[in-house]
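Each structure below is given as structure tokens.
Shared between the two complexes below is chain A, which pairs with chain B and chain C, respectively.
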Partner chain A sequence: MIGGLFIYNHKGEVLISRVYRDDIGRNAVDAFRVNVIHARQQVRSPVTNIARTSFFHVKRSNIWLAAVTKQNVNAAMVFEFLYKMCDVMTAYFGKISEENIKNNFVLIYELLDEILDFGYPQNSETGALKTFITQQGIKSQHQTKEEQSQITSQVTGQIGWRREGIKYRRNELFLDVLESVNLLMSPQGQVLSAHVSGRVVMKSYLSGMPECKFGMNDKIVIEKQGKGTADETGKSELGSGKQSIAIDDCTFHQCVRLSKFDSERSISFIPPDGEFELMRYRTTKDIILPFRVIPLVREVGRTKLEVKVVIKSNFKPSLLAQKIEVRIPTPLNTSGVQVICMKGKAKYKASENAIVWKIKRMAGMKESQISAEIELLPTNDKKKWARPPISMNFEVPFAPSGLKVRYLKVFEPKLNYSDHDVIKWVRYIGRSGIYETRC
Partner chain B sequence: MPYLGGEEALRELRRALSNPHVQADPVRYRAAVLRVIRLMAQGADVSGVFPEMVKAGAVPDVVQKKLVSLYVRAQAPRQPQLALLAVNSLRKDCAHPSPAVRGLALRTMCGLRMPGIQEYLQQPLVNGLRDKASYVRRAAVLGCAKMVKLQGDCEVDGALVNELYSLLRDQDPIVVVNCLRALEEILKKEGGVVINKPIAHHLLNRMPDLDQWGQSEVLTFLLRYKPRSEEELFDILNLLDGYLKSSSPSVVMAATKLFLVLAREYPDVQADVLVRVKGPLLSACTSESRELCFTALCHVRQILGSLPGHFSSHYKKFFCSYSEPHYIKCQKMEVLCELVNDENVQQVLEELKGYCTDVSVELAQGAIFAIGNIARTYTEQCVGILTELLGLQQEHITSAVVRAFRDLAWLCPQCTDAVCQALPGCEDTIQDSEGKQALIWLLGTHGEKVPNAPYVLEDFVESVKSETFPAVKMELLTALVRLFLSRPAECQDMLGRLLYYCIEEEMDMAVRDRGLFYYRLLQAGVEEVKRVLCSPKSDPSLGLLGNQTKQPVNAWAWEFNTLIPVYGRERWALATAHQPVEPSCSGPPCTDSRSRDTESLISEGNKEVLKVQPSTGSLSLIPDASLTAEQFEKTWLSLDTSCHLSLPWCGPVPPDTIQTALHVVHIQTIAMSKAGAQPWKAYLSAQDDTGCMFLTELLLQAADSELQVSVKQSEAKPEALQSFISALRTVLEAVAGLGS
Partner chain C sequence: MPAVSKGDGMRGLAVFISDIRNCKSKEAEIKRINKELANIRSKFKGDKALDGYSKKKYVCKLLFIFLLGHDIDFGHMEAVNLLSSNRYTEKQIGYLFISVLVNSNSELIRLINNAIKNDLASRNPTFMGLALHCIANVGSREMAEAFAGEIPKILVAGDTMDSVKQSAALCLLRLYRTSPDLVPMGDWTSRVVHLLNDQHLGVVTAATSLITTLAQKNPEEFKTSVSLAVSRLSRIVTSASTDLQDYTYYFVPAPWLSVKLLRLLQCYPPPEDPAVRGRLTECLETILNKAQEPPKSKKVQHSNAKNAVLFEAISLIIHHDSEPNLLVRACNQLGQFLQHRETNLRYLALESMCTLASSEFSHEAVKTHIETVINALKTERDVSVRQRAVDLLYAMCDRSNAQQIVAEMLNYLETADYSIREEIVSYLCFPYFFHSWLWYHKYHLLIRMLHRTSPDLASSEVVSEEPADTVHDADELFHKFVCKNNGVLFENQLLQIGLKSEFRQNLGRMFIFYGNKTSTQFLNFTPTVICSDDLQSSLNLQTKPVDPTVDGGAQVQQVVNIECVSDFMEAPILNIQFRYGGTFQNLSVKLPITLNKFFQPTEMSSQDFFQRWKQLSNPKQEVQNIFKAKHPMDAEITKAKIIGFGSALLEEVDPNPANFVGAGIIHTKTTQIGCLLRLEPNLQAQMYRLTLRTSKEAVSQRLCELLSEQF
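So, the complex of A and B:
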């Protein structure tokens, strides 16, 4: 149970304060500012106890969002709720920034009123909320009969995430497989840890109450189907043996029928209207690492450092990686840097203590190299340079986990459109998460 | 904070709000209302436009209604008379055809914090509970809880409770969960909502319809239910199995807790559950949402406390990444320390070694202490790494390594030789007090193994005048006297100089007293010095104990998924140490809270005994007998203990509560340690009408479960002493009873 919600800017000024329970006093707002935002040292923990009150905070860019309670609550739930709140706000007004919050403060109070009552989380699905939140209020001046009945039907309906009577002239759906690949590699090129966390996001514009079925190249499903059709066993083993992937752990949107997934491993659901996250998964095996970074750092005397970094792209030559950025950290006492690179642009950014090397596009199975000479100021500070890892950012048009969408079928028995009439789009985007190579 | 120029702006707004032309134009009307709200958010006093705002709430526009509702809720406590105006129009809104308006009106009314609102609330709430739109029912159900909270101590309406229980069967999932929440609050005094078999089974069946918040809360409520038979228990576990893999980490955690608690008699089931949540927990630990990751790591540590090998094969998941925040890195290091085993120790140590050179001093030292911890089991490798680190000659690294060495020498005597070899040279780099103390301690205690120990200490003696930390000086004194015992020839001269300095020139009294103490001890002869100073140089049993205590799962199953793993048990105990007995909602301001605490304390304790006490027996204590601390000390030292007793005690001591409680029976507190201090002490005094004084010492040792009480009396009066002790005992027992 949450006693109050506060939003601060980076200076610690209160932008929004909403108190739900009487046990949270006015001084709680200031206590958090003094003890956490204005504290000199680093943040010790996202949960802070001040005078028997627990403050849970998350930061979005330079905005602090804090939930306050005096009860012994469930920390995971409070954080999840804060994330959800951020999602909802983002869905309404985009990025959470001081300006946006100030401009939308009435809307935020309205949202906070709907998603929490007496400190208890209520309906927090963006889609369902849209019917209650009247801000911008163009339609709400004279609420039509139809809309009123919508609220009732939605609120009483069995399916909380979709209202009835949706109609589209063109039935369309978009599937985005968004993955972020995380890597930690040793200087010798040994993978210390790697995992992909992915999301399948679906945008659906479908009429009625469509029943969808989603299939992917999950190992267990393919094996299961292989067994089911005895004739094809041999073929499927040959054909898809390598292409199936092992998912360590996956979770679904509320709309997916879990019982069916457990028994048949089939993912079937009635989707919410508009955009939602169908599933979230994580894989650790057989990850395609799109780039290898090979660092070479040589200390020449006490005032010079030679750095050579080679990056190799490791995917089909026909594909193009985009927005590649390699960040090579430099010591604090750097006085000058000379950079030579074959491709892209490289620049030494003194304020960030790093050489930033940007390449717009790079095809697969290519190699590129940068070499830099770093001149150092002699210092009497004996502190050794900690050598932060080289980090990398990129975007590739495939899924590094190897996940493939095999089908997405749509059935709507009541309305007269069939699976073939639906226009479907699938897109794969692999982005770098924390992609670091130690040097 | 008053908003400058607010008055002018407000006057203008009032004019605008009451202007019929503005009222006729919905857009302009709403803009004016919006400006009032903006002013309010900026901290201006906008109570002046209350009547106009209430009137503005009576338009069909829902947006405007919401804005007015926001205003009314914030302003009602300041002007209860005017708020009644709002109640009237809100009651009208409760019959509005739109469910959104009805719900809003109910919520607004329940949010008016003013006395006497209850009578207006009752009817709309009852109607709301039976409304056909679930949106209204949701608001009404929680509204009941708000109303009961406003009423305070009044009797709870049985009909209302029954109505709420029946609403547990409602069609709408959020109404069901809200009912549970409301009942829990309303029936707080009777121990919360009752989960019997039909309710439990009903909730289990409704689980799939609930959203993540609902699921997580229902799982928590189900903890209360005790299945009748083994069969039923396993049916429930089977039904809930899917939630261990839910997409929401909070549901996973809540389900895990429920499984662990329900299966408390089946250790294999518990172990199986922990294996099954490994995946979800690990993915939460590596998730991008850092705060959630932190929470998960805290729980992983909790599990590791019982099953040390549980995550060993996944140790790489707990390697820190450069960009992670400090708190996650610290947690991960702790986890790494706990999951070390023969197979992964090499890699884990390599990784920790990398962190030792981190830019953040705190993190680097943390990593060094982590290696020091692992050294208790894998001594050789770790001492090697630590020695290597000394070569970097960094101030903070050397200091931390020497401190780790000191602990090691104390816990694992077998590594003393290796440690002693590494020590020479460290003295030049160490600058901080803690590091110096550790180094000096090592040199004093194991001086016979370090060839140049006397010369290093001599350097410290030379520069003792410029030494800023008294603790270092004291450590130096002890170490030098110790070393003098084993290498007298090399130390005699400088010991003399140090003692001379400490006694004649030192300004810090503690150091001077320590110097005098050693001086006199040395005068008593070498044998006496040896007897005092040559205590054992190590205590290996301590180190092993720390490693061996494997907690059973049941010891923490109830704490799982609460704040206790996040804060750690000690900090949680401290944070909740002096929670008032019953937080009251609408009481007098806090100046009175002290005396109120005592009242409730007495009523919960032995009321009769305490009330009768002063009149019975021969004892009546004077209410305002005053005694200064000096007088107390003098009297205390001159008297013998006339009575000694020990009382059972558990948990921390709430000093304020004790103090006020004793004050009620006219026992004064002279001095008292802070809450949580170890050992905890208090000195009390009291005087009866014949002038006889009772001096008391309360002593609570760290690990003791008994409170030691010693009483001294200025005149020997056994009867009076008996009555005094029984009075004291009653009060202390009452406080102890509250604490536990």
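So, the complex of A and C:
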């Protein structure tokens, strides 16, 4: 289990230090600073073992969060906890920065006391935490006994993530499908590897204790239903091509009833109030690749390189992709670059050894091109340039995995509002993960 | 010129360095460096020529980036251009870059060498100095090839400036150290010797270093340096402290030069010419006299310099080992230091005394300090000094004081530091100490004590196995060696044979120690290793002959080099013949060179193990033996034995934790044989079942025989 948790600024000064177990001494704080933060070589592994002590770290801007343990713990659990802790801190005081941490250190210690107990992670649901860890000083005088006991029974009860008696004038919910698409493509346009990792994030403003049921175009569900009405499935497949998607694996928020998912593959739950991540999933089949990058690199003698890159958008013309950025690496002996592009802005960034081409917006089924002339300084090094891949960033308003939300039904048996009264919003955002094409 | 107005400050460089220092993270630093590199590349690429100042600045930046740990693969050309500049700072930076980032690009080397040649021929002392420093700093073979012929000429030329001569001498020294074969000896050597007479003391100091190194290899050619060195030394020693001005260091005249001259004299025997010899003795006496004078300064530098000269003089006296008067005086001087409050002095005094003790003239003088040394052993706080005290006690030990010294050492042993203990034991084990039975019994006492105080140390000693009143059954001892490499192989009333061996893959080396336990000489002592015809083809043994006489109480050592050509069954026989008193002795023992010595352990997982186990399922490949335990069945001991046998002990492979499983490869010159073994103990029946599977039937058989004897 986690033995201690430290937060450092970029210089390696300790901002927060909380030790949960006796086997972690004071020197552990320094060991991480010396061996990781101040290491001569950049430490890229998120897990570092120093003197039989394991350090798990994540970095948020220039803040280091490190969990320490002497035991053989589940590393995935520790990282899950660290991410959760980042979420909790963001929910409480916004961006994780040195100043914010210094201003809220009492709060952070309070949170650390609550979400970790003797190194075992506890309830880290922001909604629940906010009911009893507040930023407005001690409120217990104003809180009635009733309220206090309510909090206790809720936190210790079966549905720890939601309190009773929530009331909204307008019952509303927002559903975001956020996906990141990863690709590695050969210069000839062959897909070498591709996968989508996605999240369904829900923001709910619902009264009472609503029972929700979420449906999507999961292949297994569709096929099961299809058995009953074979004709219909055939028709719909003819109508709009691929209808269902194969999900490789998925994880759910603790509110989802896993037993029901296992038996009927239906996703039913009582949501926490406010924002939460309903599920996470990954797909590898039939991915819609929003952009195709066609590179053309020609070496003219020893001192010149000509690069031409064409990008093609591959989605409905009515949709608009945003924040497009193409990064073309340049050789390490580049001494000068001339760029011409038809659309957007392109610039040689010497500090990153790359040409960065930015386009604000681009509609589907379009094509754009950049060409660059790179002058090289002849070096006495015989090493050949390794030609790192061209990478891309973008944002598109659809889900590259093909996932569709089919329904989200809300039942609240006690209060008198029905599914139809709830206002529902669904949004799809597809972003690039590591989206690379070799050249 | 614009460069003048810019000055030599190189603001751009200062700004760049402060930018780097202010970077908040590694990434930011790399970004800044990439940016700067791109900038420099574009500048170097630019069509218009850069002025010297900018070139210098960019080369400096590249150097700084390189020193931060980044690769630099350009800029060499610009640095070489700087070499031909007439401005000192530019030339200097050029040389700095070249000596830090030498590149073996042939084209560039030619240009660099050309530039260096020009500078060497320039007659400008600063330029010549820069070039010589560069040659010395790089000091590569290529440099030696190009310039080793040139530099001696500069060194002995009449019109060379003093500072250049100094650099040239040191540069030549450096080249000689890296590639002595490339420095030609010639008529310059006689002229170099005369540099010892140079007016300039700096030149003399540099030349002395060079001559000392050269004289160590070619003593004949530099023989004339002795008289010159003596006269130079005598001039320094007799000079008043104010005579040498810049070369007087805290009232000591030219201490470094004195030390170097004394070192040079240590390359030669005492001078034959009585005049020179007399002069040298005079010098050494003066140095010893000066040590008795009250210090001229309380500063530590003064005493350090003075003592440095003194100790070097004492080393020379010890080296010559011809003037009893001087040796005794040196010994007395060191005796004073034994109680000095400076730890370093005490250390050095003990160390020098060790060598003094071996001289016939001063041995008695050293012995007078025995009480002080014993006291040092007891009260000294610094462990390294105590160690030297032990060394000295050992060195001064002879028949007259052995009893006292051994008694002191034994007393001390109980409280001694671990590292010293080992040394004491090896001293005490030295046959000299137990030439009589009395000492031998004391020795057993010691071993028993050692077993109590540090068991692992005791077992690591070759001769300290067990008190050997009974003669061991030879076979039993042989089997002991199957699982270990060191120990006593044989012992009787006359002779003890110890072994120390090491094996690696198909090669091995064995040290055999023959100890004469009597006080009479063994004559015609001839050990021979005998292999049968079968064995000769599969095992290659090479032995060196040993001295045919073994003195009473002495120990001689023999090395056997072993090569395993293919697998073998038998063990070679060691036959020893010698004359003791009037009788002829002849004995034979089996040498424990067994097949398992060529084991290399192999770690593997449970799955791998059983897969391979199944692959070796041919009934001929498996050999099994069920036998009764001869020793108590202790799991830890069994584990140690299996590891000692040579195979890897695989934990958690066998589903039954009580069983032992091992794997390894036998390396022979012709083949490698994979071996798997499994040992199943049955505690109730006090039995073992041993199964071996190897790819060769004979090997399985032999290993099974060997290992079965162990439990």
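Quick notes on this one:
Going forward, the second predicted complex is superposed on the first by the 411 of 439 C-alpha atoms of A that agree within 3 Å, B and C clash if a C-alpha of one lies under 4 Å from a C-alpha of the other, contacts with A are read in each partner's own complex, and residues count from 1 in each chain.
Rule of thumb we're sticking to: a contact is a pair of C-beta atoms (placed from the backbone, for glycine too) under 8 Å apart; a residue touches a chain by one contact, two chains touch by 3 or more.
These numbers were taken from a predicted model, which means no experiment stands behind them.
With chain A as the common reference, chain B cannot sit beside chain C without a clash. Taking chain A as the reference, the larger set of touched residues comes from B, when chain B and chain C are compared. Look at A:Glu375: by the touch rule set out above, it reaches chain C but stays clear of chain B.
Contacts of A:His10 after superposition on the shared chain: chain C is touched, whereas chain B is not. With both structures placed on the common chain, the touch criterion links A:Lys404 to neither chain B nor chain C. Contacts of A:Asn62 after superposition on the shared chain: chain C is touched, whereas chain B is not. Looking at the shared chain after the overlay, A:Arg327 reaches neither chain B nor chain C. In the overlay built on the shared chain, the residue A:Ala350 is in contact with chain C alone; chain B does not reach it. When the two structures are aligned on the shared chain, A:Gly336 is found in touch with chain C, with no touch to chain B.
Contacts of A:Phe105 after superposition: chain B is touched, whereas chain C is not reached.
Two complexes overlaid on chain A leave one chain C stretch from 153-161, 225-233, 297-305 or 639-647 clashing with chain B, and it is 639-647. Overlaid on A, the two complexes show chain B and chain C touching the same residues of chain A, namely 42, 383.
Contact residues on chain A toward chain C in their complex (touch as defined above): 10-11, 40, 42, 62, 332-336, 350-353, 375, 377, 379-381, 383.
If you check the complex, the residues on chain B that touch chain A are 26, 30, 34, 37-38, 41, 60-63, 66-67, 70, 97-100, 107, 113, 132-135, 138-139, 142, 145-146, 149, 171-174, 177-178, 181, 208-209, 211-213, 216-217, 220, 242, 245-250, 253-254, 279-280, 282-284, 286-292, 294-296, 298, 316-317, 319, 321-323, 325-327, 351, 354, 357-360, 362, 392-394, 561-564, 566-567, 571, 575-576, 579, 583, 585.
Residue ranges on chain C touching chain A, taken from their complex, read 24-26, 31-32, 34-35, 37-39, 41-42, 44-45, 69, 73-74, 76, 103, 105, 108. Across the complex, chain B is touched by residues 1, 22-23, 42-47, 49, 52, 54, 56-58, 70, 72-77, 79-83, 105-106, 109-110, 113, 117-118, 120-125, 132, 134-135, 137, 140-143, 148, 151-152, 155-156, 158, 160, 180, 182, 184, 192-193, 195, 197, 248-249, 251-254, 258-259, 262, 279-280, 282, 382-384, 386-389, 391, 433-434, 436, 438 of chain A.
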